[in-house]
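Shared chain: chain A. Partners: chain B in the first complex, chain C in the second.
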Partner chain A sequence: MKLILRFLPILAVWPLLFLLSAPAPAQVPETVCIQCHGAQSGRLGEPVRLWKGSIHAANGISCHGCHGGDPADMAMAMSPERGFLGKPAEEAIPGFCGRCHVGVKEDYLTSAHGRALGRGGPQCVTCHGSHAVRMATPDLINNRDCTRCHDYGRANEIKSAVSETDRRITELEQSLAAMHRIGIATREMSGELFALRNRFHRLFHSVDVEKVRSRTAAFQSELGTIRGRVDAIEEELKRRKLWGGAVVALLVIWGILAWLLHRSYMDDKKAG
Partner chain B sequence: MGLGKKMADFIDARLGIRDILEQNLTKYLLPRNINAWYTLGAVLLTLFTVQIATGILLLIYYNPNTDEAFRSVQRIMNEVPFGWLIRTIHAVGSNIIVLALLLHMLSVLFMGSYKRPRELTWVAGFLLLLLSLGMCLTGYLLPWSQLSFWATTVATNSSQELPMIGDAAVRFLRGGAMVGQPTLGRFFALHVMGFPLLFGMLVLFHLFCVRRVGISRPPFGHDWQAPPPSTTFRHEEHPGGIPFFPHYVAKDAAIIAFFLALLLGVVFFAPGLFFPPAAFEPADPFVTPPGIKPEWYFLWAYQTLKLLPSEFLGLAVQGVAVTLLLLLPFLDRSPERRPSRRPLFVSAYVLGVALFVALSVWGHYS
Partner chain C sequence: MEVSSRRKFLVLSLSTLGALVAGVAAYPLFRYLSPQPTGGEKGRVNIPRAQVGAGQAHFFQFRGHPAVVLQSAPGVFAAFSAICTHLGCIIRWLPENGEFLCPCHAGRFAGDGKVLGGPPPKPLQAIPVALSGDNLLVG
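And now, the complex of A and B:
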């Protein structure tokens, strides 16, 4: 009990340090759209609940980013005067999303999917969803979704062609994010990778397996260049850890030896 | 006889240095039951020395200008040889210092070492804690990152709630309506010159008090007795105690080594532990990053402001809490220091620490 009492201060502060150094969940500023629709149930409230788990929410793209309007003025939030667009018609969806995703829209419109727009062909939300917008990954190409319209065989070929490159892009993104978190200047490489990823993802939308295969080598080569730079930095980080580990070990040894020295002085004092 | 010894003898014959060293090292006796908590002062002196050394090195490359500050920190982290090490030690070191300061304060409180005749030592120490937090706050803005900008905006905004002088106080702190170049300029001046000067003087006074009054005996063991009340100055002697050097210096060295190992362990193996991603993005006054929170040691204050119905009330509660702690030795005047004989104080202590932890965790996840 006495020991616990003596160490009470340290017991109190240590857990706090570790609890508080854990990352806090990200929060998106609440707009009037979210305040009003988020409080509603059913059809009018559903979009907010779906959006909260979307890639748009994760990147801070809120309702007004797509639907326009004034997110700060409850009375004018849905006024066309403030650019409110509302829900687009099915044929208008590629143009709606394509205001931001320009390259993807171009490749989509020239693809077999785009040419079938308005005649039962898929558009953006068919695969990516509306509100619960999913990140563009090869997982969106899957047997369950593709076979809603056609045979999976050709879709699977495209998936196989893009998967390896996409995996390497994701790995690089993770490496760069980890380096950015410790202050390494990654802006230039992240910009290059972002542009490459966008160009590669617009390639999916051509749904042309030959085109994907013929261009994949060029993407892989560009990825290899970025990977080389990232590998060099990661190697340097490993070296730092190695030296750091040695210094920390020496300090711990110094601490233990000094403590033992103190004990021996105390023993001498008691004996003397 | 070597030249070194001749020089030492020359100086000693004129200034009596050997006598000073003897009186303050080998003949300076400490209580036999002195524990490891007493080493935190030496740990803090070492950590502050590291902060000063790394701070001076950072000054060589840092540019306190809103157009250049972020870029200069990026340059230190990525281009200057060992710049990443110096800057990370400085940034992580501030967190480890606050941790050590809190532990030092909590241990002094628990052992009742703030009581008469050590009231002035406590007041100086508590002011040192507040000044350290001030240095953390002003240093936070200097990298001119999104985190720096918005955390400072939120922190300075709180002053707006002060009655009558709220707006003037915000403008005074920021040097204008918004956080900008005048804010960076004054925070920089305070961080590298104003606060360190005050801090240095207070440290000297704190150490003078510690040495002049004498080390307090830990209030544990059956033979502990409260010292008799005295109206005149009396240095607390510890006959039969252990010499400061080499006995206690060895213990100091051990705990200092463990703290340095902790500091460098975080620097090398978890350098991002205390920094959210916004700490590495340049300040943008037009984009509010999501989830901006103060540093872990200010979260209790942040959550108090959120919980109470008005920010003024929150500031008032914080002001009262800080003032009570500052003046504690003048309020708690009983000579009893044994925790087992102070159930009311120990209960308040445990509740206070639990409240601090709960508010901080709540603030972090809210």
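And now, the complex of A and C:
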């Protein structure tokens, strides 16, 4: 009973340790942009509320990361002298987002979508939204959104071509995250997977179904290589569990034998 | 069973089991402390010098990972891992700007691997490079 009581606090904090091992979201300092706009209602406050749930907020990208300006000086926050850009014109949006998303911009600009920019063609915000930007998935290609501009047939073909590979990428990301949580060094593989995911998502932006189909096999082969490494680590973990169990069993047997040996000496002592 | 032979059996069993457990416990420690194979001479990569023009970069595989060798000025060579230190994308060389660019989030690196801008937290990992006749010996 005493033993149970002694270990009770450890058992109580065990779930907490799991929570602490989860990756913490990036801390975004409260800039003057957020202080001012966050306190406003309606059109001027809405972007802050939308941004708070975005992938940009989760990675520490704040207002000035895209819109420029001085996030530390209330008076000069929106001054062009401090690089404030404000809201870009529709034709300028790919260039605006493409300052960071360089590769995606290149593929988009050479695509049918990019060539139609300024003539009713979609730009980044049309599909991804502006402030509530989430991690891109093939679900962004859907009947409701694509048919705002054209027939869904070709878009659906692209979605079918990318969905299986994207599912495998997501599965691998989950396996790596699970391994990371138990202390396995996954940085190198995570980097490789991130790079692959980025290149694969760039391919979507070409909106060229033949190109997507012809290159998917190469991506799947690369994914297979990373999967093989992940599977090897998972196998190793299983083996370790097995050996760990065997060691515990051996220790129990060792304890029993030691007790028997001890008792044989005690019996001798009693017998005098 | 006689007491002394019983004890002998127990002691022998305890010693054998103890040695077995010690071996099982020591093996992972030995494996952890053993030096990682670096590939030695075989891990080095030979690149014909003519493949890397002045102001140009040449990408290749180094120990299973993408790498780049650059001739930043005539006769001055430097080699780096081509993996961006931000999230792991593969950088590319922009000869017109004389810098490396990561296409994922616009991380920029100078010809000596230092961060010029964007999100990368540290410089590109340098790899030793030496001239050997008409070849560059990387690694």
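Following the convention adopted for this analysis, the second predicted complex is superposed on the first by the 209 of 272 C-alpha atoms of A that agree within 3 Å, B and C clash if a C-alpha of one lies under 4 Å from a C-alpha of the other, contacts with A are read in each partner's own complex, and residues count from 1 in each chain.
Methods note: a contact is a pair of C-beta atoms (placed from the backbone, for glycine too) under 8 Å apart; a residue touches a chain by one contact, two chains touch by 3 or more.
Computed from a predicted structure; not experimentally measured.
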item	value
Partner chain in contact with A:100 - chain B first, chain C second, else both or neither	second
If touched residues of chain A are counted for chain B and for chain C, the larger one	B
Touching partner for A:241 - first (chain B), second (chain C), both, neither	first
First (chain B), second (chain C), both or neither touched by A:89	neither
Touched partner set for A:180, first chain B, second chain C, both or neither	first
Contacts of A:191 with chain B and chain C, given as first, second, both or neither	second
Touched partner set for A:266, first chain B, second chain C, both or neither	first
First (chain B), second (chain C), both or neither touched by A:252	first
Residues of chain A that lie at the interface with chain B and also at the interface with chain C	243, 247, 251, 254, 258, 261
Parts of chain B lying in touch with chain A, wherever the complex brings them together	32, 35, 37, 74, 77-78, 84, 87-88, 99, 102-103, 106-107, 110, 220, 242, 246-248, 250-251, 253-258, 260-261, 264-265, 267-269, 271-277, 280, 288, 290-291, 293, 296, 299, 339, 349-350, 353-354, 356-357, 360-361, 364-365
Contact set on chain A toward chain C in their complex	99-103, 106, 187-188, 190-195, 198, 202, 243, 246-247, 250-251, 253-254, 257-258, 260-261, 264, 268
Chain A-facing residues of chain C, complex	3, 6-7, 10-11, 13-14, 17-18, 20-21, 24-25, 83, 87-90, 101-106, 118
Contact footprint of chain B on chain A as seen in their complex	2, 5-6, 8-10, 12-13, 15-17, 19-29, 60, 180-185, 240-241, 243-245, 247-248, 251-252, 254-256, 258-259, 261-262, 265-266, 269
